[in-house]
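Structures given as structure tokens follow.
Shared between the two complexes below is chain A, which has chain B as its partner in the first and chain C in the second.
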Partner chain A sequence: MTGFPPTPAQKAGRLLLVVFGVLFCLFLIGPILAFVPMAFNDVAVLHYPIQHFSLRWFRALFASSDWSRALLNSFLVAAGTTFLALLIGVTAAIGLWRWRSAGKDALMVLIMTPMIVPSVIGATSMYFAFARVGLDYSYVGLVLAHCAFAAPIVVVTVSAALQRFDGNLLRAAASLGAPPLLTFRRVTLPLILPGVVSGAVFAFAISFDDVVAALFLAGPDQRTLPVQMYMRSGDLFDLVIAAAATVMLVIAISLMAVLLFVRRGDRLRQTGAQGAAH
Partner chain B sequence: MTAVHADGALLQPAEAKRLARRLARSERSARLSALLLVTPLLLFLLMVFIGPLLMMLSRGVRDAEVAQALPATVLALRNWRHDAPIPDAAFRALADDLAKAHTPAAVADAAARLNYALPGLRAMLMSARARMRNLPVDPRAFFVGLSPRWDDKETWSAIRQASGPLTDFYLLSALDLRRSSTGAIEAVPAGESAFVQAILRTFGISFGVTALAILLGFPFAYLMATTGRRMAGVMMLILLLPFWTAVMVRVLAWSMLLGREGIVNDGLRSLGLLSQPLDLLYNRTAVLVSLLHIFIPYMVLPLYSVMKTIPTSQMRAAASLGAPPAMAFRRIFLPQIVPGLAAGSLLVFIHSLGVFVVPAVLGGPREQGLPVLVVNYVTKTPNWGLAAALSMVLLVSVYLLYWLFVKLTKTVTPSVSAR
Partner chain C sequence: MDPIVRFQNICKTYDGRSQVVRDLNLSVERGEFLTLLGPSGSGKTTSLMMLAGFEMPTSGEIYLDNKPFSGLPPHRREIGMVFQNYALFPHMSVGENIAFPLQVRRLDRQEIVTRVRRALDMVQLPGVIDRKPAELSGGQQQRVALARALVYEPAIVLMDEPLGALDRQLREGMQIEIKSLHQRIGVTMIYVTHDQQEALTMSDRIAVFNGGVIEQLAVPKTLYDVPANAFVAGFVGENNLLRGRLARRIGDEGEVDMPGIGLIRGRLGEVAEGQPVVLAIRPEKIALGTGSCPPGEGNRLSGNLIERIYLGDQTKLTIQLPDRQTVTVKAGSLLFDAAEGPVNVSWAPEDGIVFAA
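For the complex of A and B:
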């Protein structure tokens, strides 16, 4: 590299930039890092340093029927959402990939609707419509609503994976006598799996994250963890909230880890294929 | 159409025709199978999301309650104009309609609707219905005897204007406008207007968040793009961890941090720097900071991905040609990152417009924008027409920005690839 030696002004600028970067990283994770340890505080005071550590808030979380029910509900609804969103999302992504007629962009814009419409408007609309057919305050209604928000992102991630998929493989499989479903299971699915897994992770996260739709569509029996936190947000000395937040953070980190793992595997496979050294 | 054999010989016409037909059939079936695969999702979205959305929005332009509860009155007023005297037929029709309404519930919706347009009309209508034992001989005297306001043309104008089937009443209300009793559009008196202010506030907050995101996201993305691979990876993780954390967790983290009894106040007090706690919550700053915290990845990720494609040699080349750093930055660097900047800004702006939880939990009354109003008109003081009209205002703004996003970035996905 034959660059010019940096001038003192440039060095100072760089230093300033690095200092800014460190401060900004603090801004990004500081609030969460300050919040989570409070869940292990023995007394209900937001005070540092923590004098005595205990797990009392976690015990309270799992002992309280409201909170443990909310946790269970969140998992149930997120699992249902993921399943349904994958089912219709992957199917649609394959259909879009094979789409040869005009109007694909318009179709995509239509499918993106739930991602563009503010969640408040979507949630009130579904509340309005679901109440008429008795689907409000039910698990089914909640899963359907979350799936509307989650299915488009599955289409996006799977479509991205399909872009790198070689259609000739399908012809090869067909010429060897494989029926379409077998081809999907043995050829297509393994190759687009990273996109499918990313889609599943996103779908799960969207459902697990949602407050607004659940606020409208969940009855007392379907209340999810974020809704329970929203309801209790006025009382910050009930550190069960912090314990619940810690649980949610652990789930977020696990989801992120799955995604990073999938992406890394995907990248390795690609470079392996390019190098032909496999 | 001529088809050619691999060796160059022309096909027999009959054979070529058959081949063309089979090709067309197979293309048709490929199209059909693509359509069949997309159909479940389309049907699902139409039934679960788009249909309900249109249904709800239609409440903002429909006026069915009055025509349903007071059909004869609506008919009698059809040809009445404001400059003419109130026809006797209208009084008689109203008496008829009210006599047929055996329970208060039968006119409750219409009364509520009329009360939006003219406060007090609900009570007038409900008490007239309650006193309507048998049809009065002189309906006009009966109504005017109950309330002199029944002699006002304004009252009957309100009924006439609410007789449907379509109305611009809610949409005008959402923009702080109304129709006078003569039918002309006029501004709502200054004291009663509230919605334009809320619209401007919504845009103001989104604009502020976007400006902050550019101001702080730009140097952060630049640092990420110019630092080493490993460091960039760590910064990416730090950027993505809050992004993956549920919004509710982040919002509560800020409220635990900034509340009167929160971590910051407690820390400052135990250090002896404060005697009275600072009010850090329920204001514009708290909302802006928290929104920035939530939406900053939408700015940094697109910026980072365009910055990474600009080779550092370009800047060195500019310098070697004598351009001072500021000029090289402005003429070489900036033009190339405009797409990322536009994408990031629009994403932050669009998402900030629709946010509900953050202002609801961390904001004061002056931070409550359109989404909070929509929720209030659905839950606290139910008025579906107004909720739908306010939603339309929000939706039109969001879709205009989305249209700009599609035009500028050539993608239809309103998200960032790496979340």
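For the complex of A and C:
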């Protein structure tokens, strides 16, 4: 920011930016804002204005065994994916961080491939590969597939956190008598926790959000919420789908809140540390 | 008495080509304050890291209490360590930092509390127990690091330029404090620095490193008064190193021929007649005679005073000799008034030492 009062041109520019920003947000979340209130409408048509506020679609959602099973499946698969992706992603990030020699960048790019290659390619290949070993239409197969998409992002967020981690602390801990696992639990993990939590949030979101892999790999028993929604999207008079969308939105917003909280805490800690160091 | 630590024929190379440490043999006595002193890149940190277990020797063996050591992982070596950048755990309070090694050893809570308090008192830092490291000054952080490295009473504490990040005044205060701490608790300390003044102030013995080898291992006074070679003479304290050729040996003295100047006498190191040599003479041992003021006895040279630097308590004068070599003289600040131009310098023959060049 400069200390001078803005010129008319600058004022106009700023106004334009605000207008554009608002329009862009509308474009992004407008459809969602229009759709979600339907979940609270008593009438079984996509229709405005809302006549009677009602929770009947939510009741229907939780009463229906198909829908509640799908919701539970989504949670189970996302939780499993998060756990496995953290296990793989954190260890991979630390391994990469400790790796001194060349070839590190190439490996990093290789690890990123699942994020870049279109997921439908990954999903089809996994469908055929998993069918061979009997993992198609199974929770394990679905979790593995989601993990392939989710683990790389954990590597990214944890690597970013490790960049600010002072490797001397590991030596200090060892010299004080702490074996490696204890050092990880008491020193490394607390200090890279923001990166780990961000990674977990992203991993959970990636799994919760996935349609492509689930379409290929989930049998009727493993059907997740997005797949269930996709299957039922043809029925215009059944607004349980709007209730499901609302539930997903609430979950997404909670995840975003976690992310925001972690970032804020991290930044506060950083500025606090810098402020006191001077 | 048995040495507590013994480096035996230790060699270390990181890349397989350049030897960072060459055939190091070094015994550390129990309870002593040993300093590894040397220029940047001479292998001090590497030697320390091999002792701490963070680097493996390429060949040779390190013994602790006469037992081979190199198979042991760092966390089982029971060696305390203080780092230049303190390496305090930023997410733990001061108290938690110091308690860490005790918790690792599963001491009971009450014992830990007592020991942490005692350690903080020892480094004269009561009242900061609940603060985070980032809320302390550099000097305070280093005290916490010291307390953390001492609290579990390791037999050996390693310090790698622990005061390097502090300003001069704080550094001098900490030097004295660490030294007195060492005397009080009788721990063996191995200290790395490239500051020769710091080494002279603190150490029982000093090992002078250069290019991966120890040039000399001696008590500070010997190192200063009787350096073993030209490198040590130049590195420890200030020294004038004058080049010439050994003309003649006379008992334990020798005559150095310096073209354009004449013959200068000095104590002999290990050199043969006819060899090129350097004569080392400390600036404070040289007397200056100007104009009418007569020069002293012994070696007498004439030259030109070309530079005067005021140091407050002293004056540093640079004198150019006829063969364009220069000598530095340190003298009382009164001499700052000396006029530039022809002067005489002189010193006693036994104050100069002749080394192979």
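Basically, the second predicted complex is superposed on the first by the 258 of 278 C-alpha atoms of A that agree within 3 Å, B and C clash if a C-alpha of one lies under 4 Å from a C-alpha of the other, contacts with A are read in each partner's own complex, and residues count from 1 in each chain.
Definition applied: contacts are C-beta pairs under 8 Å (C-beta built on N, C-alpha and C of every residue); 3 or more make two chains touch, one makes a residue touch a chain.
Everything numeric here is computed off the predicted structure, so don't read it as measured data.
Annotation: superposed three-chain arrangement on chain A; chain B versus chain C shows a clash. Chain A is touched at more residues by one of its partners, and among chain B and chain C that partner is B. By the touch criterion stated above, A:A173 is placed in contact with chain C alone, chain B being left untouched.
Look at A:L191: by the touch rule set out above, it reaches chain C but stays clear of chain B. Of the two partner chains, chain B is the only one that A:I253 touches; chain C does not reach it.
With both structures placed on the common chain, the touch criterion links A:L181 to neither chain B nor chain C. No residue of chain A lies in contact with both chain B in one complex and chain C in the other.
Every residue of chain A that touches chain C in the complex is listed here, in rising order: 166, 168-169, 171-180, 182-183, 186-187, 190-191, 272-273, 276-277. Listed in rising order, the residues of chain B touching chain A in the complex are 27, 30-31, 33-42, 44-45, 48-53, 55-57, 59, 216, 219-220, 222-223, 227, 235, 238-242, 244-257, 259, 261-263, 266-267, 270, 293, 296, 316, 319-320, 325, 350, 353-357, 361, 371, 374-375, 378, 384, 387, 391, 394-395, 398-399, 402, 406, 412-415, 417, 419.
By the touch rule above, chain C contacts chain A in their complex via residues 52-54, 73-81, 83, 85, 87-91, 100-101, 104-105, 132, 134-136, 148-149, 152, 158.
Across the complex, chain B is touched by residues 3-4, 10, 17-18, 20-21, 24-25, 27-29, 31-32, 34-35, 38, 45-48, 87-89, 91-92, 94-96, 98-101, 105, 107-122, 124-130, 144-145, 147-148, 151, 153, 155-156, 160, 202, 205, 208-209, 211-212, 216, 226, 229-230, 233, 236-237, 241-242, 245, 248-249, 252-253, 255-256 of chain A.
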